[in-house]
Each structure stands twice: as structure tokens, then as C-alpha cells.
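Below: one structure, written as C-alpha cells.
First chain written, first letter: the chains are A, B and C, and each begins at residue 1.
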Amino acid sequence: MGTVSLFIPCTVDFMMPRVGIATVRLLRKLGIEPCYHEQQTCCGQPALNAGYLDQARKAAKHFIDTFGDDDVIVSPSGSCVAMVKYHYPELLGGEPVWCRRAEDLSARVFELSQYIVDILGIDDVGASFNGTVTYHESCQILRRLGVSRQPKALIEKVQGTTFVPMEQADMCCGFGGEFSVRYNFISEEMVREKAGYYLKSGADLLIVSEPGCLLNIAGYLSRNNPEKTALHLAEFLAGPETDENT
Amino acid sequence: MKESAREEILARLRQAPKMEIPARPVMPTPREVLLDRDGLTARFTEELTRESGVVYRAADREEILDYLTEIARAESLTRIMMSTDDMIRSLDLPAWGERQGVSVSTAADYPDRESYTRAVFDETDAGVTGADFAVAETGTLVIAHGGNQPRLVSLAPVLHVAVVGIDRLVPTYEDALSVFYGDAGLIPPAHLTLVTGPSMTADIRATAFKGMHGPRRVIVILAG
Amino acid sequence: MKIDTGNFVRNAKLEMQNQYARTFLSLLPPYIAARRVKVMGSFPDPAAAQELSRAIRAEAVARMPDLLEEFEKNAVAAGARVLWARNAAEANEMVLSIARERNVTMVTKGKSMISEETGLNDALAREGIEPFETDLGEFIAQQLGRPPFHIVGPAINVPVEEVCDLFMKKAGMQEETTDPVELGYAARLFLRDKFRRARLGITGVNMAVADTGAIINVENEGNIRFNKSSPRTQVSVMSPEKVVPTTTDALHLLRVLCRNCTGQSISAYVSIDRGPREPAEIDGPEELFIIIVDNGRSRLYHDPKLREALRCIRCGACLNLCPVYAKIGGYPYGWAYSGPMGQVLNPALLGLEETSDLFNACTLCGTCREVCPAGIDHPAIFLHYRALEVKRKRRSSGRWETILFGVWGTAAAHSAVWRFLYRLARPVLAVFGNNGKIEAMPGPFAGWFGARDLPVPARRTFRDQWRESLSKQGGAS
């Protein structure tokens, strides 16, 4: 197998490095030694979503230059993967050389659970957790990448874990980047509802595969239900860290 | 000015870049197509009953009239307006009405449109009509309106009774509508309706009820 | 119709205070959505059925000018009069002159979204011609002077007490009641009298079939059938994108429309008109006018992305699944169309300036795209609007954002700058931190903190930790 390259979103890099560390630990546990390009920045998603296409293009080209030669690119964020996979070719449609590079890259980018289950063919990563767990279906992971079975398969194989369903698991949590700040009065209602379904599910733990959703839901829980926890799938599967240091 | 608006709109549409016409997927054959007559009848009945319609099965003219008698009694009908298509004409409802004490009229009995309209809106307990087809797919009647099939007779009265020959029971809408709009050579009707059960609404507090503007009840007699 | 798209935020906040509407929104859209899934299951292959309706709509829009001409030719051959209007004013004037020439003082109307667009009711009323909406929900919304709350249930959120008051005042109801069924029958009685007396009936058009010249209407109440049966003159108003190639195509769209709209396999009534009544008919319109109203379509047809908006069949499936609509209901969208459908159509037809909130107030969750039987990629259109808005430098959140993204773009392309800026920004943000989290902060991100905390930005980023230790732990395998 060739290079497995880590694509660490800026939210993880800056706000939740522990998720990135967990991703590394998890991959190593599965026998994969990932590489990490230190010059990576941002995939450009915030700029695209805000309508700043020129800026998004700059980010996209930097990303392609950085990751262009990697055999496999893995990220603990489905929306960033979707950005590279689906938006880059369109964004760079007017520049044939870049567009071709973007299309070429598209097939080599994977969301973490998708990579583990579909490419590595592993669903039991040897983790254990005693308790009940539920899962939030993040919009881009579910509807853009069509990834839903994979994270749940991984969770269900965790020793001691019982998966419990959550109502409206596929309903948006209300993040939407700038939306969450500009239309906070709507976003807050959405995350309140999402947290409500989590509580109602009775699960001990909520697993999220998308850093944006995690910031939102965990941020809400921290304020309103500090006794409840939301974790990134990578953290959950990697298990507790021995020498955490942020 | 109207002419130029037309030219202007069409010209602007034509100047726009052309776009590709996508290929169409192959659709599997509708399940109804595989049904035999009994299957079609069952399906039609099931579908229409779900929409609160009532379906009777009558073997011959006598049985049809028996059902009508039963309906007239149960609904206390005294004034009926009927269409004059072949099926309904063959029943000789005026004679039946005389026996049952029910007045039976047709649109032609009224001297003008106004008096017909008044009668069908306000002085009719039930409209009895034929239908060109019954579609099993959704329990739907297909009615091609015309001189013998006035529009309001199946719409304005609170009860609509339709009598349809079982040979007119078809699997899908296409089976019925291709007869009128296909290349068969029939002149398409000015007005054709697909009727599936009674009129309904759920516009106030999402509370569904039948008989919003049109009939509150629909009864179909499948004949033959 | 009054345009109030510019007050999205105010109206959304107002609506979110309305407990009755909130309760309603928490129940009905999920219910219809569930019914939809169930009844789509009656197709042998639901996915193929959706794919086919998407293909038909894409083809219909791609071939629109040809299909319109074919439709016109066949409709005229059947005796209809086809009129073309550039805009709302021309369309309304056509209806008015038809009414004036026939000395009509009252008209009945079936629900027509295009006439909501053109504000036909107001235009008629100004000329002393009294218009009566006859779809129950539309009648209530009209009498209350409100925009549609939901495309299928325009007044479905109005409490029964309010409907009762309204009907006592304006629909000749004799006795007070809060029973929805009794209220419905009171409206039936009131409007029945209008149907009987109306000499001009106005309807919209769900589909116009090119190869037969027929127009098709889909309804449950029977009011459209009355409008096509009782008056002597029928005016049917349509936008150009209603045209479809063939009857077969129309029938497939009909199946898909009903399933997506109300979760029915078919509506109670579908009526198909080809020309005015036949000479032998005693009822039905002696004359049929079909008015094709462009109202901006031929302009947006030039933008391949916006053209996609014309595929919409107004089923409302996107409303029922939109998580934002579920919180705010239909009023904040401020015009004829609400929910994702309105977020796509209102900016396309009204321009971007007054509709900025419509395409920005969206998380891009993609539920609308997934469910859309017409194949519209709503989020892609919103991104397109946002990009156009940025281009025109009319970003409503102000100049700071333009500057921010300018800097951001440079940084994203140069990792050293990227890191440097983070080093600058982190301590500023960290000032607000307490116990590893930020609970409040002034400035552009203040909105986050109403109900949420944020982790304090890491002193040592993932990259830092990778360099320092993480990379060195590898190689064990």
C-alpha cells in the first residue's frame, strides 16, 4: 500500500487537536503509518460557502499542490472530503489543467470511517467501551458521501457497546458555518432539538464524525447539559489517550 | 403588443445557451399490468375504498338498478340528475325513478344553462353518471366530458354515483388516456377528469374531511 | 403580492415566538414526509421513478422554447386563446381587460402560484372586481391578507378561533364554531354561491402538454373543477416552465407530484382541458384564455445554474424536510414561495438585493436536494447566489468580511502566513477563555455564544504536536 496522507481540517488543527491525534492513533492501531504534510492549510470550504470563490480557488490549488501525489488521503471530516471530492472540480472548471488535477484527486480522498470500512475492510478496530452509544448522521457525510453504514458498523463492533438509535438522527444540527453565527436564533433551536433527541435516546455517549457538528453539539452540551458527552468517532475508536497534551 | 411579447420571450429563450437533454432511465413495468380482471377489480376496490369511496359489483342491469334503489333509500334521494352516455341511458333511469318515487332529470330537460346550473347546484341530491374508464392503479374514474357527460353533474351534487362497465377497468392511467390523447384517432375531449374518491381538504388545522366543494360521497358500481 | 423578503430575520424571530405555529411545525411536515416515503414505495422502483421525473423536468426545461411553441399551436388548434405576458403588470392587465369586456364584477379563483407572483388579486380589487380564492386555505390566507404559510396548506397554521372570527365577519357564517369540519362546510356554502354566480373563473396550470395543447390541474377540493365548469369564461395563467413534452410525461409527473406533495398516490381530482367547451356541452367555458407569464424566466434562463430553478413542480417536498423551515414556517420567506423552493425561486425572480437572507439562511444540509423530484440542487444554487452577491460587493454583513476573506485567501495559499496569523489570533481569542472554554465573546462571532460554548483555540495545534512528538511515535508497526 502506498502513502496514506492525513488531511486534518483547520477546526481540528486549531480547536480540537485531540481528534487529529486520535485519528493518528487509530490508524496506527490498524497498522497504517500515516504521513502529514505540514504545509496544509484549509480546504476552502468556508470561502466557498460564503461566496468567495476566488479565495476558495486559492485554497483548492494549495491543497492540490500539497496532496496531489498521495495515494490515499484520509480525513476525520466528511464535509472537507466532500469539498475536495465534489466542489474542487467544479470550482476549477474554468482552468483545465487544475480541473484535471482536481478530478484526479477526487477518487483518492476518503472520510475516515469510509476508509477503514470500505478500503481497509475492517469493522472491528479492537476498541472497547462499556455503555450505550448513539450516532449523529452529519449532513455532508450522509447525503454527500453516502456514508452512514460505515461509522455505525464500527461503533457496533466496539466491545461492550450497545448502539441505540436516536430520533431524527439524520436531521441537521444547525451548524452551517457562518449560518450558526448569523442566524444563531435558528441555529440554536436546531442544536437544542438535536441535543434533546440525544438525551431522549438515553445513550451514554453521542458519536459525531464531523468536526463542525461536534463543535456545535458539544458546545451546546457544555453549556446546557455538561454531564453529557459528544465525541468524535476517531476519539471513540482510538480509546482513551495515555499522554494527552494539548 | 401581445404579439411582440411572444416574440420577445421566445427569442430570449432561444438565445440562451443550449443544454444537454439527459437520458431517461428505464422504468420497470407497473405492477398493475400483470393483474387479471379479478386482480384489477380487487385493486380498484381497495384503492377507492381507502379514499372512502364505495364500490359495488353488479352482474347485470337488474342488479345495477337494485343497487341504485338501495342507495336511493339509504340516502333518502328524491332528485337525481343523470348523464346521458350509453351506459346510463341503457338503464332507463326515468322509468326506474317513477317506480321508486325519485325524480330523474338530464341536462337536456332544462331550457337554458341558467336553469340547469340552478338545478344541479341546488335541486339535485345525487349525480348519476357513467365513466369512460376505471383505473385500478389508484381507484380512479376517467370521465371524458361532452354533450352527454356534463361537467357539473358529477361535481355539484353531494353524492356522485358512477356506473362503469367492468370491461372498462384498466390497469393504469396510460391505458385510459392513450385512447383520448394517443394516435388512435379519437378527438381529445375539451374536458377530461380523473376522479379518485370524494372531494377533500385538510386546510384547517390539518384536519382532513370529505366534501369540501365537490361530492362528499362517491359510489362506483362496476357492471358486467 | 407584497414583497417582504427583506424582513426575513425580523419575521423569523416573530414566528419563532408563535407557540401554535411551532407546535404545528413540529408535527405536520414530518407527518407528510413520512407519508411521502410510504407512498413512493408503491412504485416498483422508487429511485427510478424519481430519476425519471428528474429527467423529464430537465428535458422540459432544456426544450422549453420549442415545447412552448408546440403547446401554443395545439392549444390554439383546439380553440384556446394563448396570450403572452412579459411581466406581472402585462399579465394582470390581460385578465382585467378580459373581465372588463365581459362586465364581470366578481371572479372565482383556483390556487395559482403565478397569480400570487403577479399580485392579480390586488390588481382585480383595485379595478372594483372582487376576486374570491376558492381553495379553502388560500381563501383564508386571502381574507386574512397573509402570504401562504405552506405551498400545500397556505393557512394550515391559522388557529381555528381565528378562522371562526374571520368566517363570521367575511364568509356569512351564522353560528360560531371551532370545529374544522364545520368551518369547512361554512366556506363550502359561501363559495358555492360564488361558483354558481361567477362568470369568469381563473385557474393556474400544473402542466401544459406540448403535443396535445392541453392544460392539467391537480387538486383535492374540487374548486378548480368548479372554476372550469360553471363560469362562461376561463382564464388559466401559467409560467412558461409548466410545459412538458407529452401526456405520458405528464402522467409520470402527476404520480410523482401527488406523492411528494401530500403523500397521496393521486389527488382527488385531475382535470385536463383542451380548448373551451365543445358546442354540445351545456356547462364549461365558452372561451378559454391561457396566459403565459414570463415574469423574469426568459432572463434567468440564460444562467445555466438558475435555469435549473425552472424545473420546480411546486410539490413542497423540500419544505416538509427542511430543518430551517421547520423552525420558522413559511411567512419569513416573504413572498409567493417559501422553504427551499422559495429560497431558490424568490431570489431568482425578485433579484438578490432584497432576498439575501433567503439564500444565506441555510446550513446546506442538502435534504431538499435529496428529496427533490425535479432534480434541483438547491445548495448549489444558494452557493451560486452567494458568489454573485459577493461579486456585487453587497454582502449584507459588511466590509469586514470582504477584508477577512481577502486575508484568508492569501493565508490559505501560504502555510507560513496561515500559521503566523493563527499565532496572532489565538492569544486574542484565548483572553475570553475560562477553564478551557469560551462562554462569550464580542465581535463577529458573538452570535455563537447565546446557547453554546467554544473550546479555547489550542496553544499547541495538531501540527505543533505532530512536529514535536506525534510523528516520532510512529514506525512501531
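Just so it is clear, contacts are C-beta pairs under 8 Å (C-beta built on N, C-alpha and C of every residue); 3 or more make two chains touch, one makes a residue touch a chain.
Since the model is a prediction, treat every value here as computed from it, not as a measurement.
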item: Identifier of the chain whose CA centre is least distant from the whole-structure CA centre; value: C
item: Label of the chain whose CA centroid is most distant from the centroid of subunit B; value: A
item: Subunit A and subunit C: spacing of chain centres that average the CA atoms, whole Å; value: 32
item: Distance between the centres, which are taken as Cα means, of subunit B and subunit A, whole angstrom; value: 55
item: Subunit B partner contacts - residues on subunit C that touch it in the complex; value: 24, 27-28, 44-45, 48-49, 51-52, 54-56, 58-59, 61-65, 68-69, 78-79, 83-86, 90, 94, 134-137, 140, 153-156, 158-160, 163, 180-181, 183-185, 188, 191-192, 195-196, 209, 212, 214, 220-223, 225-226, 228-230, 240, 247-248, 251-252, 254, 265-278, 280-284, 292, 294, 298-299, 301-302, 304, 307
item: Touch list for subunit A against partner subunit C, complex; value: 8, 12-17, 20-21, 24, 28, 31-34, 36, 38-42, 44, 46-56, 58-59, 61-62, 139-140, 143-144, 171-172, 174-192, 215-216, 219-220, 222-224, 245-246
item: In the complex, subunit B residues that touch subunit C; value: 2, 5-6, 8-10, 12-31, 47, 51, 107-108, 110, 113, 116-118, 121-122, 137-138, 140, 145-148, 150-152, 155-156, 173-174, 177-178, 181-182, 188-207, 209, 211-215
item: Touching residues on subunit C, where the partner in the complex is subunit A; value: 9, 12-13, 16, 323-324, 327-328, 357, 360-367, 369-370, 383, 385-391, 395, 397, 401, 405-406, 408-415, 418, 422, 426, 437, 439, 444-448, 450-455, 457-467, 469-471, 473-477
